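Encoded as structure tokens, the structure appears first; notes follow it.
Note that the chains take the letters A, B, C and D in the order they are written out, and that residue 1 is the start of every chain.
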Amino acid sequence: MIRVRNLWVDLGEFVLKDANIDINHGEYFVILGPTGAGKTVLLESIAGLYPLKEGRIWLNDEEVTKLEPEKRGISIVYQDQMLFPHLSVKDNITFGLRIRKMKPAEIERTLSWLAGLLGIQHLLSRKPDTLSGGEKQKVALARALSVKPRLLLLDEPLSALDPNSREILQRELRSIHEEYRVTTVHVTHDFEEAIALADRVAVIGDGCVQQIGTPEQIFRQPGSEFVARFAMVRNIFRGEVVEGEDGDARFRVDGVNLSVVTGHRGQYHASLRPEDIIVSHAPFPSSARNSFVGRITGIADKGSTLLLTVKVPPDFVCLITRNSFDAMALSIGDTVYLTFKASAVNIF
Amino acid sequence: MIRVRNLWVDLGEFVLKDANIDINHGEYFVILGPTGAGKTVLLESIAGLYPLKEGRIWLNDEEVTKLEPEKRGISIVYQDQMLFPHLSVKDNITFGLRIRKMKPAEIERTLSWLAGLLGIQHLLSRKPDTLSGGEKQKVALARALSVKPRLLLLDEPLSALDPNSREILQRELRSIHEEYRVTTVHVTHDFEEAIALADRVAVIGDGCVQQIGTPEQIFRQPGSEFVARFAMVRNIFRGEVVEGEDGDARFRVDGVNLSVVTGHRGQYHASLRPEDIIVSHAPFPSSARNSFVGRITGIADKGSTLLLTVKVPPDFVCLITRNSFDAMALSIGDTVYLTFKASAVNIF
Amino acid sequence: MEKQWLKSNKLTLTFILLGAIIFLFIIVPLFRMIFASDPGILRETLFDPEVTKAILLTLWAALIATGIGFVLGVPLAYLLARYEFRGKKIVEGLIDVPIVVPHTAAGIALLFVFGRNFFMGSAFNSVGIQFVDSTAGIVVAMLFVSIPFLIDSAKEGFKKVDVRLEKVARTLGASSWQTFFRISFPLAWRSILSGNIMMWARGISEFGAVIILAYHPMIAPTLIYERFETYGLTYSRPVAVLLILISLIIFVVLRTLVQRGKQR
Amino acid sequence: MEKQWLKSNKLTLTFILLGAIIFLFIIVPLFRMIFASDPGILRETLFDPEVTKAILLTLWAALIATGIGFVLGVPLAYLLARYEFRGKKIVEGLIDVPIVVPHTAAGIALLFVFGRNFFMGSAFNSVGIQFVDSTAGIVVAMLFVSIPFLIDSAKEGFKKVDVRLEKVARTLGASSWQTFFRISFPLAWRSILSGNIMMWARGISEFGAVIILAYHPMIAPTLIYERFETYGLTYSRPVAVLLILISLIIFVVLRTLVQRGKQR
């Protein structure tokens, strides 16, 4: 288990303030934040590679705050791999084992296990600069795993790869984690990547931890506007939660009352995922408590799906599949009905 | 109108071979290709900034192959903007006008038109290094438009921006183009960007032009495996088109016969978009000619949507929305029915 | 900031110790001599007309050399920064040769070519310029030994100017000349200026090549040598201190100003 | 390849012309003198025991200076490449000062500190090392004028080694010493080697600072000067040619070999 308490990291240009993070043993923990939010520095601080301004770090109940990086048992994989260019792939992978003066036979055993695990047996005698991005990243991963780390840090490991290699390596990461359960902290700016891999996600931005939760929670119940924007919740409203006639809550924005499920009352934000809105030509009977009529003012083509902007008066952004879009023959200016459940609206 | 004929560009490491492209007057033409496919070099060749190995280029019926770049009337906007760091925003935008020794009053007029168009009036006295990425890109666009180019070249103009600025600038590009109809060639590696902006798309890869067509054609009828992969058609099969008993075509792969609509017979590829497959718990009557039963072997979470891998025997990848996924309560090992129209299968 | 990651461990301490030895070796002789000087004697030396004349001649000759180097060296630096061609590495190597050619040997080589009886010397002689025992000779010697510093610095400066900035300027209608003078040159200006300062300071420092071509008129380094030979250390020291001060001012002060400007 | 975008327009042609002038100015004196030499006389000069002794002493003294510079300069270069601290720019400026300090003035400053009657000179004298008119003095003079070249080159070399390579090595269990010797040093090795070559060649070239400290034993640049003063140009030329050839070989050949290796 990793505990990070009151971490302040001074980055010169800005400061990561008072970060508190707990990561469970064997967990795949993803730190999600925009580029330049200090994610790399956070990882380097945990690994002892960056001086802390303040704060303490525990690793399996041992405080490592002041420990030299080589004594922490924490491996790191960078976005651009940082393979040692003067060493062969084999010597890269076995670097940590040779430093430990491990017996040659044992080094060979570890090497062949890792090479098999990642499918890089054919690369062992090559030099790093002859490898593709995906191959390099596998070698970096093998090198990081070679020393059997207590904690594996991945710094945007997929960002520099082309889409194909990215998907392959993402699957690989998931399956290695499922097999060996190395506690992993994975940093990324890619929301989909976070959702696909994480047991839990921490969203950081504006120099602090914004929210920690399961991917589902981050996705459906963002706790701040920052997180909501990051999770691509395209409908974020600022308004007031009031008591309806039936005693249930209503969220009032631009003269429209949305039925919502919340105990809060007063000024709040509401967020609503675009895929949770059903678009139809006519109102239809359903259990969904919200139904509005509006006019399409914008259509953005995303390939398999499209985003409609519908003016009710507040603008709702709705996601529909290309099939439905074609079937309904929608175009700008059309009047459509929007239907969504009260429970789909997240109040924060 | 731009005609490019038999263009060979030598990039040292590889060669862009025998490229032929026609772009219509006022068209928004997107060149789509993976990073490192020579897209930038292609643009620079058109602008006269890169020596051609062979080939000829016409611009509005005038051959410009040997013309100096400053005499072509072609503007270029780079991914990283390339604003002149020693000049203010205003001086950057008016650089081309001052070079032309235009009258100050006229320069002022053009400047205020552009500043208004792109909403950058408040930035005019700033230095480029104080601007955000999105602001820089608007200034670069204003600078490129200032000289009223016959052709505007955009080299990955949105790739370096964060998702928010990217969406904003994408809308801006579209609306400026709709208003002024400057012939535009936009290079990108982002498929969604291409779909959202293009009148027509050229896909380049492996050093040659793979396919030219409308976004719809590229999306639905990829002409090669390369294009199909790029368009994220996840179902690509290699098999044989044979005559069915009813005289209609069947595509045979892994012992399964798909009903398809094609005049071809023999060894071909078939592609099928994941969102064109309807997933259900039970077979249902419909006009769709293909219906198969299979077992879910993989689920990849993409946020609003999910990708299911279903083994029929060939693996089909199907896209479903999170709502359907939740409603159907699917999990790995479940048996599901796949239904899709014969016309959804593209043979090439 | 990124760089400050190492803690003060044994490696760092050892390196600081070793580094301090060489650093002190460089600065102690200079500063000890400066601070051990009697300001009265220094002032007196400064008003010695022979000293004043020698120092002014040194500064002036080095300045002319720098001017010539600027006009001829900057274009070469631009070409080397922008073009690849066969044998470029060799050309770059040869340009740096004056740094490592033994100074007296360089003087002999220049005398061989620019002497009255030889080759270019006779050509220049026919238009009234002669190099032996003249300011022209001093300038030539200084130019020879100091030009690599300007070319190298300007080349690095031009390399840092993204070639696509020039490309954008061209598409906006600027000719190659306009592009050079409005974009490339202004953006490389600080590196070129540093190179000029370095070249000027290096010109002032030259002794070996100059005395072969022109013992007279006497530049300051030659004057120091002559006073040392004739009167010994005590009498040559004040001139040496003055010259070191001037070099330090030109080099450290001007260079610091240029670099401070760079950080806005 | 990217760089070759400019067509051969007027700007380029003008620049080639201007650049050619300064390039020829550098190489013509050297090559003309080399090629005008009579090989017979050169061979004879090479077997002149006085010449041989002077050249070997020059090479040897410069090599010792380079060795000392390597041990003390590389750690300093590493510190400067990795750390930021207040006044770093000033330290870097001061390290480059020996390049621009007038050579004879540098000699006076070194004599002032290392002379028998002064400061460090007396300390060293008590352990039997003296610097005036000795090989030790020559080494000190050479070390002083040539050390900046090694430090600058090694510093650039270390800067090119991504600090994250060192960080990865640390996380894999390497101590800071192991990291330095297994990662940083091997990866910066070519730049360090270039710096050593440059330093050696620059040491060989020194004259002004050396003659102040040690006219005898005579190094080759001093021998050239003495022969020039005593017998004139004709008799000093063969020695100059020999020394220039040696410098060229050390500098251009070794440097080219190092750079060729760099491109794999």
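Here is the rule we go by: a residue touches a chain if its C-beta (ideal position, glycine included) is under 8 Å from a C-beta of that chain, and two chains touch if they have at least 3 such contacts.
Note that the structure is a prediction, hence the values are computed from the model and not measured.
Undergrad: Chain by chain, through touching neighbours only, how many steps does the shortest route from chain C to chain D take?
TA: Graph distance in the chain contact network comes out at 1.
Undergrad: Quick check: which two chains are joined by the most contacting C-beta pairs?
TA: C-D
Undergrad: Distance-wise, how many Å sit between the C-alpha centres of chain A and chain C, to the nearest whole number?
TA: Going by mean C-alpha positions, chain A sits 55 Å from chain C.
Undergrad: For chain A and chain B, let me know how many angstrom lie between their CA-based centres, rounded off.
TA: Inter-chain centre distance comes to 26 Å.
Undergrad: Using mean CA coordinates as chain centres, what's the chain A-chain D distance in Å?
TA: Averaging C-alpha atoms per chain gives centres 54 Å apart.
Undergrad: Chain B: which residues touch two or more other chains?
TA: 44, 49, 68
Undergrad: Could you say which residues in chain D touch two or more other chains, in rising order?
TA: 1, 4-5, 9, 167
Undergrad: Please output the residues of chain C touching chain D within their complex, sorted ascending.
TA: 1-6, 9-12, 14-16, 18-19, 21-23, 25-30, 32-33, 36, 69, 71-73, 75-76, 78-79, 81-84, 89-91, 93-106, 108-115, 119, 143-144, 147, 149, 151, 163, 167, 176-177, 180, 198, 201-202, 204-208, 211-212, 220-222, 224-225, 228, 233, 236-237, 239-241, 243-244, 247-248, 250-252, 255-256, 259
Undergrad: Mind listing the chain B positions that touch chain A in their complex?
TA: Result: residues 34-35, 162-164, 191-192, 195-196, 215, 219, 229, 231-232, 273-276, 300-305, 319, 321-323 of chain B touch chain A.
Undergrad: Could you list, by residue number, the parts of chain D that touch chain A in their complex?
TA: My answer: residues 162, 164-165, 167-175, 178, 182-183, 186-187.
Undergrad: Touching residues of chain A toward chain D in the complex: what are they?
TA: Checking each residue of chain A against chain D gives 44, 47-49, 68-70, 72, 74-76, 78, 82, 84-86, 95-96, 99-100, 143-144, 146-147.
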